[in-house]
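Shared chain: subunit A. Partners: subunit B in the first complex, subunit C in the second.
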Partner chain A sequence: MNPIISLKDVTFTYDNANKSALNKINLTVKPQQWVAIVGLNGSGKSTLAKLINGILPADSGTITVAGEKLTEQSLWNIRRKIGIIFQNPDHQFVGATVEDDVAFGLENQNMPRKQMVQRVAWALDQVQMSAFKNKAPQTLSGGQKQRVAIAGVIALQPQIIIMDESTSMLDPNGRRDILKIIRKLQQQLGITILSITHDLSEIVEADQVVILKRGIIEKTATVAEIFADPTRLTAWGLRPPFTQRLQLSLLQAGVLLTKKYQTKQGLADELWQLRSKM
Partner chain B sequence: MGKMIIGRYLPGKSLIHQLDPRCKFIATFIFVAIVFLANNWQTYLALTIFVLSAVLLSQVSLSFFIKGVRPMIFLIIFTVALQMLFTPGGHPFWQWGIFSLSALSIRNGLFIFMRFLLIIFISTLLTITTTPLQMADAVGAILKPLKIVHFPVEEVALMLSIALQFIPLLSDETTKIMNAQRARGVDFGDGSILRQIKAIIPILIPLFVSSFNIAYDLSIAMESRGYQGSENRSKYRQLKWHFQDSLVMLLFIVLTIILIILRS
Partner chain C sequence: MAITFKDVTHVYQADGPLAFEGLSHVSFEIPTGSFSAIIGQTGSGKSTLVQHMNALLKPTSGTIQIGKRLITPETKNKHLKPLRQEVGMVFQFPEQQLFAETVLEDISFGPQNFGVDAATAKKIALQMLELVKLPASVADKSPFDLSGGQMRRVAIAGVLASKPQVLILDEPTAGLDPQGHEELMELFAQLHQQGKTIILISHQMEDVAQYAQQVLVMDQAHLVRTASPQSIFNDIEFLNQHHLMQPESTQFAQELVQKGFEFAQLPITETQIIRELLKQLGGLHG
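Right, the complex of A and B next:
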């Protein structure tokens, strides 16, 4: 299958910076995959997203999105294929009401109003926000705001959604909701997801995890491979899940477990057995 | 958070609330102009009856309109006093130096007072029954003819509407910054005027910085959703001119004619 996003030797340096934010990045993403991009602050995660949609121009290298090379001419065409959900839900609303905001991207495409009305209704229905269509975005909760932002993005029917730390300002419930919706959209509409994140519950959803470190790709792996090495998680800007942290501490305390556990239940069972042997 | 009401809009479902904002805007302008046609008690009576029935129709309590007068009260008193004391002519029944009072000057003062009251009432009616967003839309629509002289009407309308909805966000931001500065020991609202003004600086600078950050974020969000300027954009939110709006316009023409007939 042809990759939907491919970066070849992409380098980018910010003005006034003496080191490149991204250095010769090579990355391919297959269609309909969920790829998580992780790394410490300043590793170049957000820069990567901005390069893919042409907000920042790469110094060298080529970026191809859905078979189209990113150039000044193809820029707006490519932006149509990519939707971005940003970190701060308050800083991305243009419309004064929920439905107005969802329509903003459609207005930019000069879509006839009749079609817009249908699209907006469809998009709001996908994120279960139809009941709020006349509300002002400011009156919604963080999770609801991000749902509206998702609706604004999917109304444009993009092939790719980039989540730029979109769940980092949400509470656990809001985060769970958003991930559930994104997962549903990925499966039903065949959208490719690129999620830039620190959050493990978001990484767990991914088919592929790309670890960035100081502007280069340190490792590309599956979720299982990443979690198999809990000692490294912190170095990548991730906080290991409770089960991993506990196993690590037990190991350091000299308690030998028979194997590595991914689930709480498995670990709990082993701990019970250990206790009964004591 | 974010529940602040901008302007003085009072939600309602009255006939006046349902009028097209463009109609209300134009009607208010016409009214302010034709108030100056009135020059005797008949014309002022006609205008007063007209305004009071509009107020009644809006189903908004009269006290809101009276509140609208309050910030203007000094200007009104001053102007009315000037009018009364300095109008020459008539038989002065009180005189002190250059000041005089006559039946004519009292009449004039009273008319000026009525004129103020009517204008304030009608503009309050506009702001109370129209959301800030509708106002922004109406301004955009009314300015449309300026496109001929290449005035960026759509941009201005979009700017207005974005500015309006960022007011609550910025006010939240201000509260946050004030609290942060209070936590560092800045004392607001204490000391001499000079000290109080100085205390505003540590609020203003972070507020500017954060506004620029928000603007930067928003511009990126807009661009990634395909915003390329206001050329070739369709419009989702549409104003609808109903029969009732035409009727209101007709009513204003009738009112103007009545005023012209009644004025002396």
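Right, the complex of A and C next:
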């Protein structure tokens, strides 16, 4: 299958910076994949997203999106294929009501009214926000706002959605709902997902994890491979999961744990066995 | 500086058809020098609540006592400048408020605005850079050339430069990597030890459990409980009712209880659960 996004030797340096923000990046993303992009703050994650969307122009190298090479001419066509969900839902609203807001992008594309009404209804239904269509966006909770923002994005039927820290402002329940909806859309509509994140619950959704470090791709791996070596996680801007942290502390304190348990259940079982032997 | 809310209600767009209550009859007290956390779902009224603490919003009814100042629905904006210097507010995504051409100018703007001369303000700005662990070499750079995490620190340094006695932090670490997160939380703990009153809004229950002495729980514009983190995180029924999570240590302790472990009180931090497990797993480890 042809990749939906491909970067070849892409380099980008900000004005006045003495070092490249991204240096000879090579990356291919297959259609309908969920790819997490991780790394410390300043490693180049957001810059990468901005290059793919043509917000920033690469100094050298080529970027291809859905079979089309990114150039000044193809820019607008490519942007139509990509939807972005930002970190702060409050910054994404333009309409007086939820419905108006979702329709905004479609109006810009001069979609006929009848089709637009249908499309808005469909998009709100996908994110389970139809009941709120006449409400003012600012009266919604953060999770609801982010769902409306997603509706606005999918109404335009993009092939790719970029999530730029888009669950970091949400409480754990809100985050879980959003990830569930994105997962459903990815599977049902065949959308490719690029998620920029530090959050473990978001990373575990990914088919592929790309680790950026000081502007280069340090590693591309599966979620299981990434978490196999918890000692490296911090350097990649990730926090080892709770069970791994706890295990490490107990081992260091001299508790004789036998196996490397990944699950809470496994660790709880072994701790109880140790306790029973006391 | 102590903060006391008495029966505070805030109605947004009070005269329009979209009027809704952001705060409903909220009363509580925050003692001088304490570290308090405010938790609750997004949209529960946390940000509305703290915006009353430096009178960015004024109550529709009720009163707020901040140190010696009383804020009522009738309070005029005119006399609020000293209050804004005493109560520093770090908003969500504070880096969006950076504006100056250099980092140094940005940080020294606050003190100058409150009447400090340029040379002293510059000196303060350099101290603040050090406090938030940024190298002095960024002082002359444009804040917009820095990474997101560094910009966040510059913005926080700018708030600290006015030397506020109360520091309000609205999700100050959202979007930072774990190391940046930890360093900032340690900075806030340090400021607390130096005597500042800290008020933290957070969804990260681990932070609330580790740092807060008192927790205020908001739900749909109401303050539903004010208590210690220990008592709140041990009350699973209450947490479920208000759609809140336990810290991971508490969740895990609960699984251990199902296996047969016993805890007088469920641990709420990693330090607590490790200490408790080492005790229960026997004298092996002294």
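One rule holds for everything that comes next: the second predicted complex is superposed on the first by the 273 of 278 C-alpha atoms of A that agree within 3 Å, B and C clash if a C-alpha of one lies under 4 Å from a C-alpha of the other, contacts with A are read in each partner's own complex, and residues count from 1 in each chain.
Just so it is clear, a residue touches a chain if its C-beta (ideal position, glycine included) is under 8 Å from a C-beta of that chain, and two chains touch if they have at least 3 such contacts.
Computed from a predicted model, the values in this text were never measured in an experiment.
Once subunit A is used to superpose the two complexes, subunit B occupies space that clashes with subunit C. Contacts of A:L238 after superposition: subunit C is touched, whereas subunit B is not reached. Within the superposed three-chain model, A:G42 lies in touch with subunit C and out of touch with subunit B [touch as defined at top].
Shared-chain residue A:T62: touches no atom of subunit B or subunit C.
With both structures placed on the common chain, the touch criterion links A:V94 to subunit B but leaves subunit C unconnected. In the superposition on chain A, A:N110 contacts subunit B only, with no contact to subunit C. Using the contact criterion defined above for the overlaid structures, shared-chain residue A:N26 touches neither subunit B nor subunit C, since it reaches no partner.
Looking at the shared chain after the overlay, A:Q187 reaches neither subunit B nor subunit C. By the touch criterion defined above, A:Y14 reaches subunit C but does not reach subunit B.
Look at A:A136: by the touch rule set out above, it reaches both subunit B and subunit C.
The clash between subunit C and subunit B in the overlaid arrangement falls on one stretch of those listed (78-86, 114-122, 222-230 or 240-248), that is 78-86.
Shared interface residues of subunit A, touching subunit B in one complex and subunit C in the other, are 88, 136, 139.
Against subunit A, in their complex, subunit B makes its touches with residues 2-3, 133, 158, 161-162, 164-165, 168-169, 213-214, 217-218, 220-228, 232-238.
The touching residues of subunit A, counted against subunit B in their complex, run 50, 53, 55, 76, 79-80, 82-84, 86, 88, 90-94, 96-97, 99-100, 103-113, 116-117, 120, 136-139, 152-153, 156. Residues 18, 20, 41-44, 92-93, 142, 145, 147-150, 171, 174-180, 203, 243-245, 248-249, 251-252, 255-256, 258-261, 270, 273-274, 277-278, 280-282, 284-285 of subunit C are the ones touching subunit A in the complex.
Against subunit C, the residues of subunit A that register as touching in their complex are 14, 16-17, 39-42, 46, 87-88, 136, 139-144, 165, 168-174, 198, 234, 237-239, 242-243, 245-246, 249-250, 253-255, 264-265, 267-269, 271-272, 274-276, 278.
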